Every structure is written in C-alpha cells, then in structure tokens.
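The structure's right below; bear with me while I get my questions together.
Labels A, B and C are assigned to the chains in the order they are written; within every chain, residues are numbered from 1.
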Amino acid sequence: MQEPLLRFDDVSKVYRNGVQGLSHVSFSVEAGEFVAVIGPSGAGKSTLLRSINRLQDITSGRVLIRGEDISRESGRKLRAMRAGIGMIFQNYNLVYRLSVMQNVLHGRLGYMSSWRGMLGLYSEEDREKAAALLEEIQMGDFLNARAADLSGGQKQRVGIARAFMQEPELLLCDEPIASLDPSSAKIIMDMLSAMTKRRHMACLVNLHQIDAAKTYAGRIIGLRRGTVVFDGPPEALTDAAVETIYGVPASELAMKECVS
Amino acid sequence: MMNRQELYVCRTMAGILLLSFLIATYYTGFDPMAVLLHLGEAWTFLTEDFLPPRFQFTPVILESLAVTVALAISSASVAAVLAAGAAVLGSELLSPSKALAAAVRGTATFLRNIPTLVWAFILFSSLGVGTGVGFTALVITSFAFMTRTFIEVIDEIPAGVVESLTAVGASFWERIFQCVFPSCITGFISWYLYCLEVNIRSSTIVGMVGGGGIGMVLLSYLKAFKYAEASGIILMIAVIVILVDRLTDFLRKKAAE
Amino acid sequence: MDSAQNAEAMTAPHGRQGGKIDIGVAGGGHFIAGFLIGAAALTAASLALLGIDWVRLAGRAGDIGLIFWRMAHFTLDHVDFTLLSFMDTFSIMVLATVYSLFLGLAFGLLAARNVAGPVIAPVVKAVFTFLRAVPTPVWVLLTLVCFGFGPVAGITGLSVHTVAFFTKSFAQAFEDVPEDTVDALRALGATRLQIIACGILPSAVTQLIAWTALRFEINFSECAILGMVGAGGIGFAISAAIQNYDYGEAGLAVFLVFLFAFCMERGFLYVKKIMK
C-alpha cells in the first residue's frame, strides 16, 4: 500500500501552560485534495497546520509526509522537507523592505546552498520562473515594486507566488483571507483553487467562513477543542454537523458572523 | 486621566526626587544664590581670559582633530558590526538558545552601565595610554549601546515574517541575511548615526585622559593657563560636533525614505 | 548582502532587457548601498589614520583579564572614602538635573516657536545648540577654573550642558503640541500665560517626564566621570585607586557606579511600563 501524501497518526499537542492544542488527531490527505479545516477560534486549526511543517512541535504521535516522520527530523533534512511544503499566512508575512521578486524568490531558499541563499544569488532559471508565476497571478507589472507598497490582496498574491515557487506537493494556508475585503478574498480563493488543481497539489486551508469552505473545498475537517469531530465532503456538513463543531446552532452562528 | 497605580507611581517618584534633592542640598551645602552672586566674577574671568578665542591651525592641532573624528567613526563602525551579530544572538526571536540570548543581553547591560571613561581608565591601567586603548574603550560602550537598540529594532519586525522563511526551509543564515537585515537596516543605520554623534563627544573626553586626539591638546592648554588658545579649540570642537549632528540628521532622514 | 544585490541593481537595467531579470526594488536601495560603502571607506581611512598597533594591543589583552580578576576582589580599606565620593557624585547629579529642569523649562518655552514667536525662538535655539555641542567635561573644566575645586563647579558645569539638552528637547515637545489646542484656548480669551499653563505644559508633560528620566541616566554617567578630569566624586575615587594599584577599591567603586545606573535604568523602565 502506498503511503498517502500526508498522514496524521494519533497526534497530540499540549502547550506549556497546559492547554490542549490537539488531541489524538488522525487523518490523511492524498495528492490533489483541497481540504478546508474549520472550527471555532482556539479549536486548534493553526496548531494543526503549523505542526505539519514543524513551526510548532507536537507532544506525541507522528506527522508523516510521504511516509517520513517530519516530527523527528532536524537540520538539513528538516529544511529539505519544509522546502516541499508551501505555506500562506493570514498576515502575508513578506519581507516588506524587499521587492516583490525578492520575496517570491525566497521560495527557492530551501533548495539552495546556504551561502548562495544568504547573498540572494538566484539562478536565471529561478528568476524566469518567478517572473512567470507573477505573470500568472496578474502581478507582472509589480516585479520591482517594494512589497510594503502593495495592497492587502496584492501582498497575499505575492505570498501565494512565494509558496508556489517552492513547487510544493502540499500547500498550507493559515486563514489566507481573514485580513482581506470580500472581493479580494474571492480573487485569492479562486486563484488558490485553480492553481492547486492545475498542479494536482494537495491543499489544506484554515477558514473561519463556512460558506467559503463549502464553495471551494472537496473535503471539510471540523475541529473542536483539538479533536476532529467532522471529516467528510461539504454536502455532508449539515446544520447538525455545524452545531457539533461550533457548539451553537448554525442559525446563531450566521448571526454571530454578521455582528463580528 | 491617571488611574490609581499611575498616581501612586507619580507620587513615589516625586517623593524620591524631593528627598534626593534635600539630601543633596544638605550634603553639599549648595546655594544657587551664591552661584548667581559669583556669576559676575565668572563672566569677567571668561570674557577677559578666554575671549577673544585664538585659533591655531598648526598641523598638530589639525591632526588631533582628525584623530578625534577618526576614533569616533572607526569605533562606532566596528562596534556596529559586532553589535549586529550580538543582537541576532541576543534577540529571543532569533537566538539559537534562550540562555544565550539572556547572557548576551546581560553582558550588554553590564558593559553599557559603566561609563566610557571608566572603561578607558581600566584599560589604561592594563594596556597603557594611546589611541588603541581609547578606541577599545569607545568600542565597548558603543557595542553595548547598539546591541541593546539593535535588539529593539529586531523585535519590531512584524511577528511571523521570519517564521515565513523558516517555513520555506531557509537556513539560519538565509533567514538573517534575507529577512532580518533587510528589514532592520534603516533602524540599524539610524542608531549607528546616533552612536556616532555620542562618540564624537566621548572621543574628545577619552582624549583628555590619554586616548589621544584634540582632548589632550585642550587639556594641555588649560593646564598651561593658555585660555585664549583653549577657547579656540573648544570652538573648533563645537563646530565639528554641530557639523556631524547636521550630517547625521540629514543621513537619518534620507535612510528612512 | 544587500549591497551585492544593489550593486547589481545599479548595473543591470530594470525589467527583462539584457537577458538578466533584475530582482531589486526599482530605483531603491541605492542610498543604503552607498551609505554602507561610504561608511566602510571612512572607517578604513580612520583606522589607517589612527595606526593602532594591533599586535601590541592584542598581546596585552591578557592583562585585562588579570585586572578584572583583581577588581572583582573588593577591598574595604577605604570604603568610607568611596562612599563619600559616591555621595558627592549623587548630590551633584541630583542638584544639577533639578536646577537645570527649571531653567530648561523656561528656556524651552523661549525656544519653542509656537510660544516665543519666530524671532526669539531661533536665536535661543542657536545659543543652546552651541552650548550643547561642547562636551560636559569641557564645561566642567571651565567652571573649575572659574569657581575652584568643589561641588559648585561640578553642578554648574554639568548644568550648562543639561540646560541646553532640556531646552532643545522641551522646545521640541512644546512645538509638538497641536495648534488646535493653542487656538482653542486663544479663542476662549486666555492670556499667554494661561495658554502655557493650561494648554501647552499639560499636553507635553509625558514627554517632559521621559526626557527628564533620560537625562537623569545620562547625568549620572557624566557625573561619574567628572572626577577623572579633575573634579571630585566617584570618578576621582576610581582613578585614584587605579593609579595606586588598589584594584579592589577601584572594583568596588566601579561596581557602585554600575549598580546605581542599573537600578535607575530598571526603575525608569518600570515607570515607563506603568505610565503606558
């Protein structure tokens, strides 16, 4: 039996202050899947994503990438495994003083020798590829713009280009649209969906908008207090299922979202 | 309006200040009126002995001026490079270990809270007088000062930016050179320039006690009661300090653009 | 590192001409690259001018460790002298800062454009810019000549620079008070003094406190070194002890200086945190 792209095997995370981040989480993701992770804030959505590329360490269990346990790797091997996993952040997390191109090319750092990376000596091939990627996300006019000067939606597009520059098999998106206005959010989600599909890439997206999750995802994972309480296709996400995830009826949830 | 805690702190501070003031006045017997009464004499003395200033542009004086400026520039630059490295190790965000970060910050605090001239004296007693020792004393305090301020600059990098490079698999050095330094360079430059301003003044003083430079010349004139020459030197120092302040102000504004 | 990229940015044309794609910020970064290169060149020139004998310096570096070792073993033979010297330093610092605070407030108002007007303010500023440009110990040397050895010389000498510092920073704080505040009071028919007392001073008070706290720290370290240029205080105790090879005594005095400066820094940090 071939190992799946990503497999969580009984993963638990307890924070130092005693808070249970994840509790006995097990699931797996195959190449090409577009998975939305939903749940109330504090349910462990970020912890789940960040334990995949080891931005956070887990307490017990295994996180397997193509059968290799990333939670046990360190040094060069860990860097290499991280290089194969793209990540997009809520706050974009670009190096704002650098240009758009320099930020996108950062996606290659995990593949380069450390001193070439330090000095920013990217190969001509990488530069061509970065420019092509920026063209693909309609940022071709901004190659030499300073990242700080872009709008929120444009910054997130640069974040996407940086992640795709890694040519990852797996893409992690931590609340990619939470800081954006509705129209930019739609553009970003459309891009993510189309680009991952074209490359047959697996994608895990943390979302707090249930509607967006239903529209874009092929599969939804619901987290509550660090435990997976729902795992299935969007059609199976009934109002009752939403209530088990959020602890409140779906109708009240909609109201809550309106207020916030 | 102030809350109770703030009010309490304000009152305590005012109390400490008043108490210190009374103790100090009692201890020294300082009477500001007496100073005012003597001010007339002091003024006569200043105007008669020090004015008009006598300017001398002998090679010795010009070289001393150059040495003072060179001491300030070179010590600030060397200290800045060292401090950039120390700040990386001393920032909790980047440091390979928390214990190391605490050690670096503790060392910087210790070095910084002892004045430059005290360092100079300690070093003179082991290394003898000379520009090398003045240079080292200036480097110590500049290094400690910039380590602290550089750490503050690093801590101002928005949360998650460095992490995003960790996520792409960048190595420690790639994170430092591709993310930390580009994000912090204008902040570093601004503090470096500030340190340069301070160092111009300090290097004059270090010179007085044996570090070489214009301070030594000034002290020798004062000791020989050549007050007109001394005031000439003082004016030269003032002009250089003002010029450097103007220049650093200009550069700081340019760098922030 | 940045300079490498920027050097490239300067030679390579932007966009995709010439085969190579430029990755730097368009039209940016040149200043910083130039600055770094300029600073490096000036530093190299400075070091060349100083002509420091590095080998000799490094060769005797071991002696520093020895001195520190000796200094770390405090001796208490002259502890009374050290403590009295410290009291001198403390008193001079407090008195100079407190008196300068009041003078600085007065001159700060005179140097603020929105208080004293466009004619007086620049003149006052220029005078104090000059006073500030001369380092404190130089002033102390002058006041020593005028007033003779003793705390009066220390206090007045230290005050010259401190008043100049306060004048500049307070004037800045007053000028930062929004014009609306002043206009609103003027519309109410307030006199000039009322505007200052009820509008400008209260608006600037947090900044004034911050500057005063900073100056207390600076003045302590300035005051600690005055003894080394011929005035009294803890600096004299340190230099005298070192010249007598009494390192244990010097170590104790240096430690006192450090301890006081450290406590003051921590104290002000704590206050700053609360006032936020």
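Definition applied: a residue touches a chain if its C-beta (ideal position, glycine included) is under 8 Å from a C-beta of that chain, and two chains touch if they have at least 3 such contacts.
Predicted, not measured: the structure shown is a model, and the values here were computed from it.
Chemist: Count the C-beta pairs in contact for every pair of chains, then give the pair with the highest total.
Modeler: Max contact pairs: B-C.
Chemist: Please indicate which chain is farthest from subunit C, where distance is taken between mean Cα coordinates of the chains.
Modeler: Looking at centroid distances, A is the chain farthest away.
Chemist: Where the CA atoms of subunit A average out and where those of subunit B average out, how many Å apart are those spots?
Modeler: So the centroids are 46 Å from each other.
Chemist: Nearest whole angstrom, what separates the Cα centre of subunit B from the Cα centre of subunit C?
Modeler: 6
Chemist: Would you give the residues of subunit A that are in contact with at least 2 other chains, written as numbers and ranges?
Modeler: Within subunit A, the residues that touch at least two other chains are 97-98, 102, 118-120.
Chemist: Subunit C: which residues touch two or more other chains?
Modeler: Residue numbers touching two or more other chains: 1.
Chemist: Indicate the residues of subunit B shared as contacts by at least two other chains.
Modeler: Those would be 177-178, 182, 185-186.
Chemist: For a test of understanding, state which residues of subunit C touch subunit A in their complex under the given definition.
Modeler: 1, 4-5, 14-16, 19-26, 28
Chemist: Please give the residue numbers of subunit B that touch subunit C in the complex, ascending.
Modeler: It comes out as residues 5-6, 9, 13, 17, 20-21, 23-25, 27-28, 30, 32, 34-35, 38, 41-42, 45-46, 50, 66-67, 69-71, 73-74, 77-78, 109-110, 113-118, 121-128, 130-133, 135-136, 177-178, 181-182, 185-186, 189, 192, 201-202, 204-205, 208-209, 218-219, 222, 227, 234, 237-239, 241-242, 245, 251, 254-255, 257.
Chemist: Which of the residues in subunit A end up touching subunit B in this complex?
Modeler: Listed in rising order, the residues are 53, 55, 78-87, 89, 91, 93-98, 102, 106-107, 109-112, 114-115, 117-120, 159, 162-163, 166.
Chemist: Where on subunit B is subunit A touching in the complex?
Modeler: That would be residues 158-161, 163-171, 173-174, 176-179, 182-183, 185-186 of subunit B.
Chemist: In the complex formed with subunit C, which residues of subunit A make contact?
Modeler: The touching residues are 97-99, 101-102, 105, 118-122, 124, 127-128, 130-131, 143-146.
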